[in-house]
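There's a structure below that I have some questions on.
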Amino acid sequence: MLLTPILLVPLMASLACLLTPSRRVMEVLNVLAFAVALALGLRLLNQVLAVGFVAEWEEFLSADALSAWMVLLISAVSLAASLYAGRYFRRDLASGAVTPGRVKEFFVLTPLFAAGMFLVVLANNLGVMWFALEATALSSVLLVALYNRKTSLEAAWKYVMLGSLGLALALFATVCTYAAAVGLQPSEKLPSFNWSHLMTVAPQLDQRLIKLAFVFALVGYGTKAGLAPMHTWLPDAHSEAPSPTSAMLSGVSLKIALYALLRFHILTTQCVDSGFSRTLLLCFGLFSMFLAAPFILVQTNLKRLLAYSSLEHVGLICAGIGMNTPVTIFGALLHMGYHALTKPVLFFAAGNIHQTFHSLELRIIGPGVVKVLPVTVLLMGLAAVAAMGLPPFGLFYSELTVISGGFAAGKTFVSVLVLVALVAAFCGILTQLTRILLGIPKRERTSDATPWDGVGAMALLLVGLLVFSVWLPAPVLQLIQQAAGIVGGKP
Amino acid sequence: MKIDVLAIALQTGLVLLLAPLVSGCIKNWKAKLQNRRGPRVWQPYFDIIKFLRKDMVISEHVSWVFSAAPYVVFVTSLLVGVMVPIVTVQAPLGLFGGALAIIGLLALGRFFLALGGLDPASAFGGMGSSREMTLSAIAEPALMLAIFTVAITAGSTDLSRIVAEAQGSNLKLLNPAHLMAFAALFIVLLAETGRVPVDNPATHLELTMIHEAMLLEYSGRYLAFMEWGASIKQLVLMALLVNIFLPAGLAGDGSAASLGLALGVFLLKIFVLSGAVVLVETVNAKLRLFRVPDLLSAAFVLATLGLLSTFLFQ
Amino acid sequence: MIMTSLPSTEAGTQLITLLAALMLVLQLLLVVQRMLLTSIRIFALQSLMLAAIATVVAYYHSATHVYVIAVLTIIGKVLLLPRLLNRLVRRINIIQEIEPLLNAPTSMLICGGLTLLGYIVARPFTTLEKLGNNTLAIAITLLLTGFFLMFNRRKAITQVLGLLTVENGVMLAAVALTTYGMPLVVELGIFFDVMVAVMVLGILVYRIRESFASMDTSKLSQLKG
Amino acid sequence: MDNLDTLLNLGLLGYVAAAAAGLLFFRSEKLANLFSFGCASVAALCGIIFSVFSLATGAAAANQSFELFPSLIPYVRFSVRPDPLSVFFTLIVSLLGLALSLYSLGYARGFYGRKSVGVLGAFFNVLLLATTLVFLADNAFFFLIAWEIMALSAYCLVSYEHEKEETRRAGVLYFVMSHIGTGCIMLGFLLLFQASGSYGFETFQSLGDSMSAGKRNAAFLLFLVGFGVKAGIVPLHTWLPAAHPVAPSNVSALMSGVLIKTGIYGMTRVFFDFLGTPPNWWGVTVLTVGTISAVLGVLYALMQHDLKRLLAYHSIENIGIILMGLGAALMFLHTGHTLLASLALIAGLYHTINHALFKALLFLGAGAVLHSTHTRDMEEMGGLAKRMPKTALFFLVGAVAISALPPLNGFISEWLTYQSLLQGFGTTPSLIRLMFPLSGAMLALTSALAAACFVKAFGITFLAQPRSEHAAHAHEVSFTMLLGQAILTAACVFLGLFPTVFLTLFDPVTHQLTGHQLSAQLSVANGLVLSGVMSDGGTVSTLGITLVALCLLFVPFALWLVFAQSTKIRRGPTWDCGLKGLTPLMEYTATGFSKPIRMIFKALFRPRREVQREYDFSPYFAKTIRFEAHVEEIFETRIYRPLNRWVLRFSRRMRALQAGSIQAYLIYIFITLVLLLLFAL
């Protein structure tokens, strides 16, 4: 009995927050919930390594290596976000940017959002996975629209419209997959729609239907994952949402949609042996990376800059998996972990800057933030160095693994494209952040700049990132290799 | 290849004594050509002795570099004098430096001369140094290419080997490569020693001087060393030119008779070359400063043609 | 239920094909429709057709849980949703839909093209359908035209309607392709999701209406670059 | 053997301890300064002892690799292989590390109160550590990690004084170009990894022969561009004159002295060790690039009146000279003349260490001048020789060395380069051999122009009258700064006078790369004289020349004895054509000094000058005249600025894609879906 508590704990926290009036209690509840979820995630990790496939409620909930790795990511990012949210909303309330009702709404919806994500990852049935993803979409819409400003409403509207459309297409893909399963044994009343069962029967499925299903899944779940032509909602939603939410959105919710897409990818590679789904993933991944670079270069809004950088990293993960060799998939999954630890720090720092300068426009923030918020800028600098893929941090290692895997597998041209996109993004981020972080501030900032704010969450994540960059513990390594095996198509 | 101190001493003395004579002759013959009586041939000796005896007036702005410059110029010129084969095939100091070392030492002398010009904080000294360094920089590639042409045929930059190789085969000068190299080196000689087409040694207009402008602030024995160094440098370049391209008459062994003969032949050759220089000086007017690079690039083209012809017309 | 005494599945297939065709016609009507309230009514009618198809399928395959789906569709999509949307429209009192992105003739042309595309895509799968031939093609066409409707209109409500028709198309495919429909828990999940989605959209439309004083989505374009 | 490795570990740990100390004593500046730079000099000393002993005793030749610390990540081994080439470059970085750390002890005092010295010390040590690891790394992964950390710490040091906008822009330009270079290097190593299957350098050994020609040439070009950006060869050099002047002086000395050499190390390691026998066009390309870099480097240096910018351009020139040596060596390897290749390689490497020494010395001198006059502009200096005599002497020694004038080390390495170019003429029958003498002539032009440039640099900065208040009140710098400069001066003089002694250290390096040990052949008359490799290609002995020069000094002394015994020396005003006395404004300025060269090379510089005159009452006598002269940096204006403008314009046009209307976004998805349905199925 391990999977259901992971789901129930956040739900209980959400309900509890609904009932308690005081904000302090809600903060503590959230942090506790996600701390417990993280602990459970770690136990799940050990169990998955031992058993390989954990199932409950006669296989309604199941967890293999890939989902265990996802559970870890979700709980880590959510814990960091909830740690940061406490101080963040205290300052927002003080400055009147948000009403207590909305803060309560935040503390209720965030665990719901996380629970939805846990369900996506733990659901064995594709339909339930779709349902869970729809739940996360709906809960995060109201989080994006928390500030009730004109722009955040606009961002929420686009987020919900594009999201729901994407999920409708994904539903069609689920229907087609189920139809293929039904087509296989017409006699049996209701064949089981569990993913594990589908995997066993995959080679006999009707190839054309599975390919149609993958196309719709790619466009549907791709929209939720923010792949290139369908990414347009991503910068709006991430820049308008409150920082803890945009950290969760950017850090892990994109990867959950990518996880769903991967389930279809694995199914298609099992059924259609040609590299159909692989080449599509690769093309969309590369397109996302190359599309992100120009936007980063001429970006005027800080959070949109970070959103496009997330788009680029998701593109890299997608391309890594698209190259479909054990090394590149291992690199891509590892990159998911490192990115999940790095991106929230950047968003928390952006949150601090937003609350101090009351704007996200790079022109208004202007040079010299280091003189106003020295500690935040130091941590943001370290996270930016990591996000740019420079050595002391793990992202360099995972990016190089993906590219060298591509070279070893003979896909030279594609790997060169990946490297070119990474260098372009590096130049963009460096020029933009240097312009605002270093130098002397234009006009003297008022007193409301409290340098030591929200530093705890950021420092925790950075220390985690540094530790995992240098030392990759054996169980985590084994888990990722197992997950890579699953994605790579070995059962 | 060993160093005998006697040969060094003798050659130093010879160079010291001969240099003022050569510049004196040139001044004298030039005056005669312009049907003036001109200063007597021994005048430079008296000038040097006069300068040595006079008191020195040094500008108050200068640092120690100003007083170090004359010694550096004088000693580098003497060193080069000893490295060049004048009367014997094997130059006394040949082991310690070949053609490249000579170019380097001349450059060192020029470096300190230019610094000496800049130190007294006068516009003329600055102008002289700037022009001197520029023109010598433009002349350098032509000089190096000419040396390369000659060195390639001899397979080494060691002057004695070059002279020995030139002496061995018959009249080398007719070979087109050597002819062009000689012409290029002659133009470089005019530029390096500040002769008319490039710079007028006898002018009093500070704005037109190049070499003399740097010496304006010098007086007394510093001026003597500077003048003497300049004339030694002139003698050395002429000797270089003459002995590489017309190596006839250089003494192989150290016997007195062959040395005497070699000295006679050397003096003849030097005076013929001085005559040529005087002729060029009287015939040409001084070029504008920014026309001199064209002259020197002509020298560079000549040297390149010389280099090409080493293997084209073999 | 009048259809109790139908003798053979062949008649059922014809009935389903007829109902599906009717759904397609309603969809095309929706594309050219100007009035908001009538659009909502057309959507309700379309959902009714879907429920009818569900009952026919349930009857022929005697699958009890498909009946539940049909009933839920009727309650939800035919009664509840239109009433919610009507109340929303009346409270925001916007009646007339101003000029859509593409005028009527071009829209119709595009819908024709999309129908052609639907058939091309659905052609290899005709063998799979048990009841009613090429309902999958109609389902895909409904999906694509619903999609087209979403970006052809400026009004938020019409965009929601477009989304719901897309969802109808998917449900039609579910009914047509799978002989006994999807497992009940999945169907329930999908149904409740649609309900919650519309409620959330309602909240958002209301809030946008409050701060923007108009439901024209072209005003929602400040976030650039 | 193992005590050498422990010495190396001690050195590396020393840097780490120094960096940690810098951060630890963040609060108190004196402690941070003392500990970080003190430990750094001790670590550098260990490095020197390690490299000299392992080169001298041939221990480096055994070149077995050992692991610094166990790696906890798969596929990565932090292994180090001190083979002769790496140890030679470690010697350079350690020698400079020692001198610069001592110098920084004094220099950092200038930052007390203004900036945090702990951070400077920390990053300084991280840079030294990363550079040493770059030289010693044994597999591509560790090399790239050390390379990127080096670039990152150099960026942090360059933008140390980030208050000025110019510093930030230079820092970004440096890091962007360096990262693009690193991208190329990464691709090169991946091509090798693809061919060899593993990251270790030992598997890359002469891998070129087994690779396909296309991949081999691609790898060569990638490495040339990648390492070329870091070395600063001409088309890729624009970051160098921007980054060096703005960095603190001890950092720009380190960057100019060592960081550029990592590019040279990379090229040597890859071209000679990995890519097997080179085709002819490789050598020709490197030689041409070297020649162009040398000539353009010195020409642009002449036009500068910012002292550190002038020195930065000279780094480009000297890198060009080094590349000439390497290019010639590659061409000889192609034609099989391994003996000549070793000579050319020795010339290149000898000039690498020479340049490291005298360039660092000059930057330290410039730093001392900047420290006391608070300006880099030469037009505001002058007369510093009397006020800062020791710095002036050290700067003069540096200037003489860099202009390749005889008694010092610059002359020796250029002499070796000339010898290899000369001997190269006979090696190939084809017209290519014409390149050797022509590049020799260009080398001569370069060194002559360098001499002119350093007459300007030394003369305008140190001689004549001070042109500004700052210069007038300049004072000599502290003892440690002078000590740093003294060490480098001593090294320059030693390398100049005793080349044959130093050449013995080259034997293991040339033996590893080209299979020959030349030091015996090159030293004649028991080490007094240095000779070319051909039987009697020409000899030179700087020691001999200096001794004879000292003897010849007797002649002026004798003349003084005979004639000038009773003369007196009087100090008088400089000749001013009878005006009422010379003011500092009448002196020759840096711009004036380089005027003739600017006129001769008009086509290259395209000089622009604006003169604004302000008249008071009569149109004939201007009240104030403002003169402004600009020289156009063609690479900047022709290549980099248009490229930058085009990229930004393209990106702004891409921004239109995200125009804000939800209809557009829906259309994007619709089109993707339709296209996929039509074509992908």
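Some points to look at:
The letters A, B, C and D name the chains in turn, as written, and every chain counts its residues from 1.
Just so we're on the same page, contacts are C-beta pairs under 8 Å (C-beta built on N, C-alpha and C of every residue); 3 or more make two chains touch, one makes a residue touch a chain.
Just so you know, these numbers come straight off a predicted model, no measurement behind them.
Chain D has the Cα centre that lies closest to the mean of all protein Cα atoms in view. Looking at which of A-C and C-D shares more C-beta pairs in contact, the answer is the pair A-C.
The distance from the centre of chain B to the centre of chain C, each centre being the mean of the chain's C-alpha atoms, comes to 101 Å. Chain geometry summary: the mean Cα position of chain A and that of chain C are 32 Å apart. Taking the mean of the C-alpha atoms as each chain's centre, chain C and chain D sit 71 Å apart.
Computed from the mean C-alpha positions, the centre of chain A lies at a distance of 79 Å from the centre of chain B. Contacts with at least two other chains are made by residues 121, 147, 150, 159, 217, 220-223, 225 of chain C. Within chain D, contacts with two or more other chains are made by residues 655, 658, 662, 666, 669, 673, 677, 681.
Chain B has no residue in contact with two or more other chains. The part of chain A that touches chain D in the complex is made up of residues 157-158, 161-162, 165-166, 169, 208, 211-212, 215-216, 218-219, 223, 229-230, 232-233, 235, 276, 280, 291, 293-295, 297-298, 367, 370, 385, 390-392, 396-397, 400-401, 403-404, 407-408, 410, 412, 415-416, 419-420, 422-423, 426-427, 430-431, 434-435, 438-440, 470-472, 477. For chain D in complex with chain A, the touching residues are 72-76, 141, 144-145, 148-149, 152, 159, 162-163, 165, 168, 171-172, 175-176, 179-180, 183, 186-187, 190-191, 193-194, 197, 647-648, 650-652, 654-655, 657-658, 662, 664-666, 668-669, 671-673, 676-677, 680-681. Residues of chain C touching chain A in their complex: 63, 121, 124-125, 128, 143, 147, 150, 156, 159, 163, 166-167, 169-170, 173-174, 177-180, 182-183, 185-186, 189-190, 193, 196-197, 200-201, 203-204, 207-208, 211-212, 217, 220-223, 225. Across the complex, chain D meets chain B through its residues 382-383, 385-386, 389, 392, 396, 400, 403-407, 411, 415, 418-419, 422, 425-426, 434, 437-438, 440-445, 447-449, 451-452, 454-456, 458-460, 462-465, 524-525, 529, 532, 534, 536-541, 544-545, 548-549, 552-553, 555-556, 559-560, 562-564, 567-577, 582, 584, 586-588, 592-597, 599-600.
Of all residues in chain B, only 1, 3, 8, 12, 16, 49, 52-65, 71, 74-76, 78-79, 82, 93, 95-101, 103-105, 107-108, 110-111, 114-115, 118-127, 129-131, 133-145, 148-149, 151-152, 155-158, 161, 206, 216-217, 220-221, 224-225, 289-290, 293, 300, 303-304, 307-308 touch chain D in the complex they form.
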